[in-house]
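Labels run A, B, C and D following the written order; every chain starts at residue 1.
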Amino acid sequence: MSGTMTAVVKAAPGPGSTVSQVPVPTLGPRDVLVKVKAASICGTDLHIQAWDSWAERRIKPPLIFGHEFCGDVVELGAAVTATEKGAFVSVEGHVVDGTCYQCRTGNGHICENVSIIGVDRAGCFAEYVSVPESNVYHMDPGIGPEVAAIQDPFGNAVHTTLAGEVAGLVVAVVGSGPIGCCAVAVARAAGARMVLASDIRPYRLELARRMGADRTIDAGSEDPVAIVLAETGGHGADVVLEMSGHPDGIHKAFKMLRRGGRLSLLGIPSQAVSLDLAEDVIFKGATVQGINGRRMWETWYQAQALLRSGRVDLTPLITHTLPLVEIERGMELLKGGQAAKVILYP
Amino acid sequence: MSGTMTAVVKAAPGPGSTVSQVPVPTLGPRDVLVKVKAASICGTDLHIQAWDSWAERRIKPPLIFGHEFCGDVVELGAAVTATEKGAFVSVEGHVVDGTCYQCRTGNGHICENVSIIGVDRAGCFAEYVSVPESNVYHMDPGIGPEVAAIQDPFGNAVHTTLAGEVAGLVVAVVGSGPIGCCAVAVARAAGARMVLASDIRPYRLELARRMGADRTIDAGSEDPVAIVLAETGGHGADVVLEMSGHPDGIHKAFKMLRRGGRLSLLGIPSQAVSLDLAEDVIFKGATVQGINGRRMWETWYQAQALLRSGRVDLTPLITHTLPLVEIERGMELLKGGQAAKVILYP
Amino acid sequence: MSGTMTAVVKAAPGPGSTVSQVPVPTLGPRDVLVKVKAASICGTDLHIQAWDSWAERRIKPPLIFGHEFCGDVVELGAAVTATEKGAFVSVEGHVVDGTCYQCRTGNGHICENVSIIGVDRAGCFAEYVSVPESNVYHMDPGIGPEVAAIQDPFGNAVHTTLAGEVAGLVVAVVGSGPIGCCAVAVARAAGARMVLASDIRPYRLELARRMGADRTIDAGSEDPVAIVLAETGGHGADVVLEMSGHPDGIHKAFKMLRRGGRLSLLGIPSQAVSLDLAEDVIFKGATVQGINGRRMWETWYQAQALLRSGRVDLTPLITHTLPLVEIERGMELLKGGQAAKVILYP
Amino acid sequence: MSGTMTAVVKAAPGPGSTVSQVPVPTLGPRDVLVKVKAASICGTDLHIQAWDSWAERRIKPPLIFGHEFCGDVVELGAAVTATEKGAFVSVEGHVVDGTCYQCRTGNGHICENVSIIGVDRAGCFAEYVSVPESNVYHMDPGIGPEVAAIQDPFGNAVHTTLAGEVAGLVVAVVGSGPIGCCAVAVARAAGARMVLASDIRPYRLELARRMGADRTIDAGSEDPVAIVLAETGGHGADVVLEMSGHPDGIHKAFKMLRRGGRLSLLGIPSQAVSLDLAEDVIFKGATVQGINGRRMWETWYQAQALLRSGRVDLTPLITHTLPLVEIERGMELLKGGQAAKVILYP
């Protein structure tokens, strides 16, 4: 496909972005062109827009950013065999090399040479995106484009929550942003005995309740550790899912974990965190997992299964929809703290 | 406690049983006396009553039989420390030695020297039972005695279903007797994408539906393997729980399993079963698990958690209640196939 | 590369094979041409040569057979990126589709659409073979071609043995053919407390001893079950690796397994096997695994690690070497039972 | 048994200890009296002797300390059934309640109400010790008393090393004190491809070499992270066992771990440790385990199996033997850094 398209471009180092006309991407022999149906704004996109220190180190303008999306396959590279024109797909944002030790042992989600769509290569805030055929996942047509567009954060939650046992256990989710809210729903669907969710924003706690939290904790006015201990007879939560990335949340996550429990870390702290390893990990016999991305493709199968079966409903998280060209308004909504997922239509 | 009590006794080899007055059991130093609140009839009790070849080999009359029950602790042996008078308990039926390799490595459910209540030692179809203090499990008072009485079969189902992953997977339950119906509910609570349940009795299939089966299969008129394959795009079920114990059910259980799937065997066949190990296990890369009893005490914690949280409701399975002395009527109900769990009150 | 090459061809249905001049294979865009350095004869090749009922159903002549080999990459298809000319490689014999559920969840060894080199497509008893780039594994140059040629059966043994815990456990290997002997060495290297190996051929038992068996059992004159029980205080082996594929071996494998033990089935029985599932699986709480092929590529990494570190030495199994054109003599040696691995040089 | 015995007593708060005559311990109904054959000095004993801040908080004088030992059962409490007079035993130092959630789910090593021999109750630097019958482990008579006396630290190493896969993997041991040296031997026995061991004391590195390290690293003059990366093609170690407890060692342990690797923490840091969770845990997809004590009794079975089979030889670690009354000399040897395990004979 030739011609131009509308895209959101970080044109040069520094804050902001521009909506421009740019060439439609070309395809390598194993790439496919996806016509974007719906995209979604991630916290990472806010960092890129704001040009914080992480963005300054990582992003090489000019770049079309955005990495949460779904769409239709409209063109195939010459050697493509794994999909076909017309397929409705969501796209895994981690482009992996397929040849490193991790990729060759079922752990492509921690590929040694990953390149991320919308961060290291052209992203989805555009009419079209070129992606490797091996990055598309065929979505059930019964799943709406808004939900299909947020498989990346939902997959983070599925990966984190199902990285160990859940059924019959007490699960505490620290940080109730969109991924935390997804984790609440997954834990509930997977048979958790009780799901507790904390955050400092009442808006998010209300969403967590709607997604299935049995108990929400306002970390601004309540003591999450004390509440989790009280609700568990002093033992602590069997499973803690850390999704805030804040040092304070991380500290509390370790403190609210019971002996022998599992603590899965997904939220990314921007600085070093000081931990009492003796009390909080070693004597407890705890297991601490770092979670990155989505297992390819086990997580995707699990995610779609939970959605298709109706065990999880993500629609309460789709709080706003906008045309792509109004992306800045979407970003403002998110910064204002009164939105969960903002969907953009190109 | 001295005196006599009413009990159902297999007085001598041969069919039948008698309701008699017998001495209240005495206690060893680490035993407790449980006053039975509710007992339940198991298929094993029907075998003992009928005096089939298994019973003839295993049972040494005179014996009070029955092993599914709950009650209150009313008397403590001299050295008892783990419970107290007045405790509301359900009782694990496997009395284990605590010293064999299995017991000492967290696998007491397959103790090398197990003795079973109501089979190898005096059981619960009586006003009182003496059991080791280490066999009682404290029940939440919010759980009614009828449900507390069936923790043994419910525990079988919890053990079998949660012996591997369930969330997001297709689970097929072969045999929808009371344990199969419990497994349907557990699989559903644990996030199975789809739960299929088969049986040859419409009465049981109706119960399976009430317990949460998405699809029931009348194995008398439908082909369970074909249906499972059709519902899974030809792949087969991710998890198969075999609870019929019939050679035909077992064959089909293997055939309906997908490559790389898990088949957990709980139903006990009374004869050897011929299997196509090459196609059904080896080339498939299947995992086949033998499941026996309940993990002590992980299964019990899981079971109580699922009940207390409301994720599982067992009340539809409590189809009949009777005074203990009418046990023969209860057995007839079960043989007639129009009952699930029959509760007896001493 | 054009021209002709020498190859062993099953030219038409029926017993036997011919050494012929055939065209050098052509390459698809993602294939590589491997110049065979050393090949090895597998039991499967004997079935193809003899044209038994399995071969009659599966093999479509004309076919170059053979699937155990190593060699040098000498030509690359147009789109190949994962290897390069001159690479010394061993080749995974299972060509998988890369797109099915199994392949996409780290279980390509049980791909739903596998095609096997030397069975379903042209094999390695030839000067050159064309294989997908994704099927080659780069071998350490320090590993000799004879050992590099037998990574397929060695990988079977690694996969089977390391499919569960081994360190500190008693491992019984049933069937001491080449794969069984490899399993003995792997179990020993992985810290098994005791390795027992059975077979009916003294020649093989002697090899098993050389590969590290602590105790060999002549199943023709001794009772393997009794011996395993005697050596384990009556408990049975913690891990049993079934590599005979014979119904009698399989029966005994189940009987010699301890409660809670692991039985991994690799040997392929040619008919249904009758099992006492109640006693041997269910009451035991056993785990039975079907093992197929080699995990891609975890098994290969493990295999190479064990060889490079010197923890396993396969050279005692290389009992004969011959020119490729003398393959029939190699087959006779194997049928005579006085050989383990026969290496062929094209 | 009545009368008095020689014992090493922390008589009052403050540094030092005294060798005194004290009453032989009395037995509860489920206790046994063990006549100590050999005891061993642990680093914990040095803390108690020196009366550091940890000891000041935890120890309640007067206390007989010491917790690593073996001996013969010479007297039984009235209700003891699990052992007998004359049994040669090593003793698990963690006295657990047997009734908490952890104890009842196979995780007694992290019992919620643990009491430690020689720390919270009378220990083994004495002629006799009273311990619960459930704390003794019957040792094979072929294992000498010096080796039987150090099953506690050896068990720590077995527990840590075998808490995940080892065969074919690169294992790095950080800190080569006695437990680190044991871990080297276990990793080697369990089939590690390469075992690297670091420390700042050449004496310990020499011991690590004798126990089977393929490569030792003098952390005082070499860069352990750089060496591990160099030895692993830049990937890092598959498994890291942290046994130093020093913040610097812990930092390096995280840095030398490969993506997707396992880091097991046994060494106990005396203060909080600052970690780069983003890079070292989350993006890596690492698994971090806290390890405490010994699994009861899986670790003990594994430990004895490794010793009896000859796969592990602990005798190089028995560097000194002394009469119990010369314990202060033993402590000086350890502080001087030219000793590993010092055995004391009462």
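Here, contacts are C-beta pairs under 8 Å (C-beta built on N, C-alpha and C of every residue); 3 or more make two chains touch, one makes a residue touch a chain.
No experiment lies behind these values; they were computed from the predicted model shown.
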item	value
Higher-contact pair (C-beta pairs counted), A-D versus A-C	A-D
Pair from A-B, B-D or B-C with over half of its contact pairs in common with C-D	A-B
Rounded Å distance, subunit A centre to subunit D centre (Cα mean)	42
Centroid spacing, where centroids are CA-atom means, of subunit A and subunit C in whole angstrom	42
Residues within subunit C bordering two or more other chains	101, 105, 107, 301
Residue ranges of subunit C in contact with subunit B within the complex	101-102, 105, 107, 109-110, 112, 235, 250, 259-260, 265-266, 268-270, 272-278, 281-292
Complex contact set, residues of subunit A against subunit B	158, 162, 165-169, 186, 189-194, 301-303, 305-306, 308-309, 311
Contact footprint of subunit B on subunit D as seen in their complex	29-30, 79, 81-82, 98-99, 101, 104-106, 295-298, 301
